[in-house]
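Multiple structures are listed underneath, in structure tokens.
Here come two complexes built around subunit A, the first alongside subunit B, the second alongside subunit C.
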Partner chain A sequence: MTCIVNVKGLTKSYKNQSVLKELSLDVEQGDVVGLLGKNGAGKSTLLKSLLNISDIDSGEISIFGEQYNQLSSKNKARIGYVPQENDEISWLSVKDLINFRKQFYAAWSDEKVTELLSRWEIDLTKKISELSPGQVQRVLIILALAPRPELLIFDEPAASLDPAGRRDFLKEILSLVSDENITVIFSTHITSDLERIANKVAILDKGQIRYFNDLDTTKENVVQLTLHWQADKNITVPYLLRGKQFLQGQHAIVSQLDQAWLEEMKEQAVEVTINPMGLEDIFLELTA
Partner chain B sequence: MEQFIISPSSGIPIYKQLYSQIERMILNGYFSVDQRLPSVRQVASDLDVNPMTVSKAYGLLEERGYLTRLRGKGMVVTARDEEVLKQEKLTMLDEMIKELLAQAKHMGISGDKVAKMIKQNIANGQDETVGKE
Partner chain C sequence: MKTILLHGWLVKVFIVLLWVIAIGVRITMHDDTRENLLFTLIAFSNFLLYLMVAMRLPLLTHSKMAVLLPGFSQKLKQILLVIFGVSLLPTLLVLPDVVTWLAFISISILATLVFVAMIYQPIYQIFIWLFILMPLPMAMFDISLNKEKLFYTLAWLLPLICWLAYALLNKLVNYRGNQHHVSKMIAIMNVSMGKTLAVQESIPFSDRTMLAQWWADSHFNYYRKLISAATNTSKELPNRKLIEICCQSANSFGANAYVIWSLGIALLCVLGLVIDESYHHFFTPMVTLIPAMIIGTGSITLFQIIQGKKSYLARIAILPRFKQHNSFARAFLGYVFSNQVILYCFIAVLLAVTARVFGHLNITVYINSILILFVYCCISISIMLFAWRTAEDYGNSVVWLMIVGFIGTIVFVTHMASSEMSLLILNGIFQILLLVSLLLMIFSCYQYLQYFSKK
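The block that comes next holds the complex of A and B.
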């Protein structure tokens, strides 16, 4: 597997407040990584650091095997970014903005731009400042996709889109993922979007990547258990995140299912029921 | 056409949801032998899910002998020995029975009682009067 993004020991603070602490993350080609984190966890700071938009205090970041702050223009053109807030020149019309941005890229696809503009019903003559937040977000997405990027970085790309708009955006990303094997990193609060398109989930908490794993493995590992036993017993649950005892039983949420322990429970005649959990609940448990 | 139904926010991984649905559809004859399944791309686009997820489900079905990958044709349902097929159906039913018994136990209802209820269902031709005793 080719490593597309490699972050080691990334540290960053604003004034005296520490935001990212010794953060490490590896993203491989073809991965679609969903980045979850509470408000203020530092998701935007992390994404901006990757792009050298935000200065870092210390650490190493490499993208496409090159140092992040010395990227060749060829490699820069391989990255598409959609920021959380519009930082484009808002007095330009959509048409002028597109033509302006187009100059910087060798591999700009007019076809893609035309297709998305008409699919998303965006009026080319309107100024950016005259568009609704949802339409601005769509324009930003078009600008990011037009140069046919190989690495897409989205900071809450769907925040101002309605459900139909979000779904259509997901469709577009999925078709890029299946056709061109691109790599995607996106932050979101909408776990159901992540569950559809991501193969990996990263949880940013207290300045570090607290959890990084396959989405499927995550759902198979982080589960809720209900234990029932007959006689007096003292059971210790491995990988326990949170538990609550009751008479002859226990509720437990674990970060990993220990198969050997499950066998042992069977031998001890302890009944164990495994209840799967959705990503939203998993996220809340892992960051509690 | 959307043949499969998934619920992305469920705790059960999407590939597993797809796997068990297709397994059932093969065992109950919805998909017949040699029938071609929709492509990974098609399913991913119908369901709006990552194609890797669909590949994973198909791969697992291939590994377990339900599907065969044919060059240029995609995945087709494997012809199976009648005896093997029957065994698989029985295994699936066995799992459902185990689940049923576990549920009954939670409710404090004995296995014997469940067995009686099943027999009664058969005797009644599975009509609405079941369970009144």
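The block that comes next holds the complex of A and C.
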């Protein structure tokens, strides 16, 4: 698999407060990575840093094998970005905005624009300020998809939508992604959104990627263990993501179960209870 | 309540400073030569205080607290009376002249009434324009009203003014009307100086007045046509034009603003040519105020618009159109410079025309004014570029700096107009100032380009 995005030791602080700390991340072609994090975890900062919208303090970022701040025009055109907030020119009509944005690209798919406009029933003559938040979000997506990007970056794409709108919107994104084999990185703090479209999950907490793996593997393998023992013991839990000791016991979240270790615990008379976890539980436990 | 009404340390420090200077002037004043300066200091400081309180009053009168808290209106009335009482302390400096003192109290009350009225109902701003234009009809109809007579009348009218003010105060503390306009005022007062424009921008288009809608639409139509024409002819718009489109707002100083101001000035000049030359000096405040207003709206507004669009411009800067090294930064600088050059050239022409008609500036003062405006322009561009390239939000400080520099420029130009000053370009200190401001601007441009070389 080709590595599309490679981040190494990314550090960024704002007003002497560390936002991203030595963050590393690899995204491969065709991945749909859901970046999960609480509010203020640094999700937007990370995405903006990847795109060189926000300056970084240190670290290395490469996109399509080129340094992020020295991207060639060709590779710039291969990236689509949908920001969290709608800061588009609100006084332009949808048609004018699309034509305006077209000016910035050498290649632009009018067919794609027409197809999406008709699929989403967006009135071309309406001004951006007259559209509902859901429609604006769709226009922003059209603007991002029209140059036929190979890497699509969404910052909280469904934050402004109601649950029904969010569901429709995510379904459409999923169909777009599967049709065109686009690599997607999107941030969210809603785990159900992520479960619908992502194939990989990255949990961002306190400026670092706390967990990064396939979504299916995560849901299958990540479990919470509760260990109870009688005498004083010092137990090392393999694949430990997060652990918390209590008197004669321990709560532990592991990325996968080690059967050999379980047998060993049985022999040592340590009672191990295995609790399966949903993505939301994993997220809450890892970021607690 | 008092904290809300008197919020903002910068204005408070400025008012106190003016009071201290007034006390200093009074202590060192042995005859009436500096009487006018003393009066001006007291009046200006008090007016500033009244304006500050008046602008913050809607935060209280139209808040939910006003309805929920028992005795809210009574408490607000007491606090307003206390603030007004304290503001009268500097007027004691005009004593032992009791008539002047009483007249000052009358003037203070009247000013308060006007300021409060125009905050709640913008139509009352007409009082300010009437005040500026008042000397003209008085001169034309030969109404002579000297300072002594005016103060004497105002002193005798004080009981009537007090009664009127108290009646209006009772009405004000219970006033909940004009919700639409007041909510806009509250939104503006709730943000710092650097973000006042952003609040105005966020007002939905349909909620604006018909005139404001027409004004904005006529401005935007030019750019809409530009995009359509480029699309129809499959032409590429220049980078600078693309950035210009990104930086437009309903408050932009565009072609329609130039046309309207030009028409206004032309009308004023025609009036100046028609009426007798002896009345020309009555137009001086207005022809001084107009260029000041244009710089205010053309320069400070530009800064606020771009400051509000920083994140959008950062997003635009990474698009493939800007493929060459620094092409975004160069196009952006091109837009800012062309915008400011057109603005200041317009002011230079405007000053020349009004000076020719009204004769309030001679050729030396005119050249000096242009030079001072040039220095102001260089410094303001430098500050703006600095704020635009930093991640931190310095919007508030920059707007304050620009306003202070702007007031300083106006005061200096006014002082120069009334004194015998030689050509500033021959003055060594000014030459250094000119050089420093030019170097500062070049350095800011260089730093801006350097910053974007990483993009």
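One rule holds in what follows: the second predicted complex is superposed on the first by the 234 of 288 C-alpha atoms of A that agree within 3 Å, B and C clash if a C-alpha of one lies under 4 Å from a C-alpha of the other, contacts with A are read in each partner's own complex, and residues count from 1 in each chain.
Just so it is clear, a contact is a pair of C-beta atoms (placed from the backbone, for glycine too) under 8 Å apart; a residue touches a chain by one contact, two chains touch by 3 or more.
Predicted model only: the values in this text are computed from it and were never measured.
> For the three-chain model obtained by superposing on subunit A, do subunit B and subunit C clash or fit?
Aligned through their shared chain, the two binders fit side by side on subunit A.
> Looking at A:Asn69 after the superposition, I want to know if it touches subunit B, subunit C, both of them or none. Which is it: first, second, both, neither?
second
> According to the stated criteria, A:Lys171 is in contact with first (subunit B), second (subunit C), both, or neither; which is it?
It touches subunit B, and subunit C stays clear.
> Have a look at where A:Gln103 lands relative to subunit B and subunit C in the superposition and call it first, second, both or neither.
In the superposed model, A:Gln103 contacts subunit C only, not subunit B.
> Give one of first, second, both or neither to describe whether A:Asn52 is in contact with subunit B, with subunit C, with both, or with none.
Second partner only.
> Going by the contact rule set out at the top, does A:Ala77 touch subunit B (first), subunit C (second), both, or neither?
In the superposition, A:Ala77 contacts subunit C only.
> Touching A:Pro276, do we find subunit B (first), subunit C (second), both, or neither?
First partner only.
> Is A:Ser93 contacted by the first partner subunit B, the second partner subunit C, both or neither?
second
> What is the minimum C-alpha distance, in Å, between subunit B and subunit C after the two complexes are superposed on chain A?
29
> Go through subunit A and flag every residue that touches subunit B in one model and subunit C in the other.
Overlap of subunit B and subunit C footprints on subunit A: empty.
> Within the complex, which stretch of subunit C touches subunit A?
204-205, 216, 220, 224, 227-228, 230-231, 236-237, 242, 245-246, 248, 250, 309, 311-312, 314-316, 318-321, 323, 391-392, 454-455
> For subunit B, which residues are in contact with subunit A within the complex?
That would be residues 8-16, 40-41, 44-45, 48-53, 56, 102, 105-106 of subunit B.
> Which bits of subunit A are touching subunit C when the two form their complex?
My answer: residues 14-15, 51-55, 69, 71-74, 76-77, 81, 83, 85, 87-89, 91-93, 96, 99-100, 102-106, 127, 129, 147.
> Help me check something: in the complex, which residues belonging to subunit A touch subunit B?
30, 32, 167, 170-171, 174-175, 177-178, 191-192, 195-199, 215-216, 219-220, 223, 271, 273, 275-282
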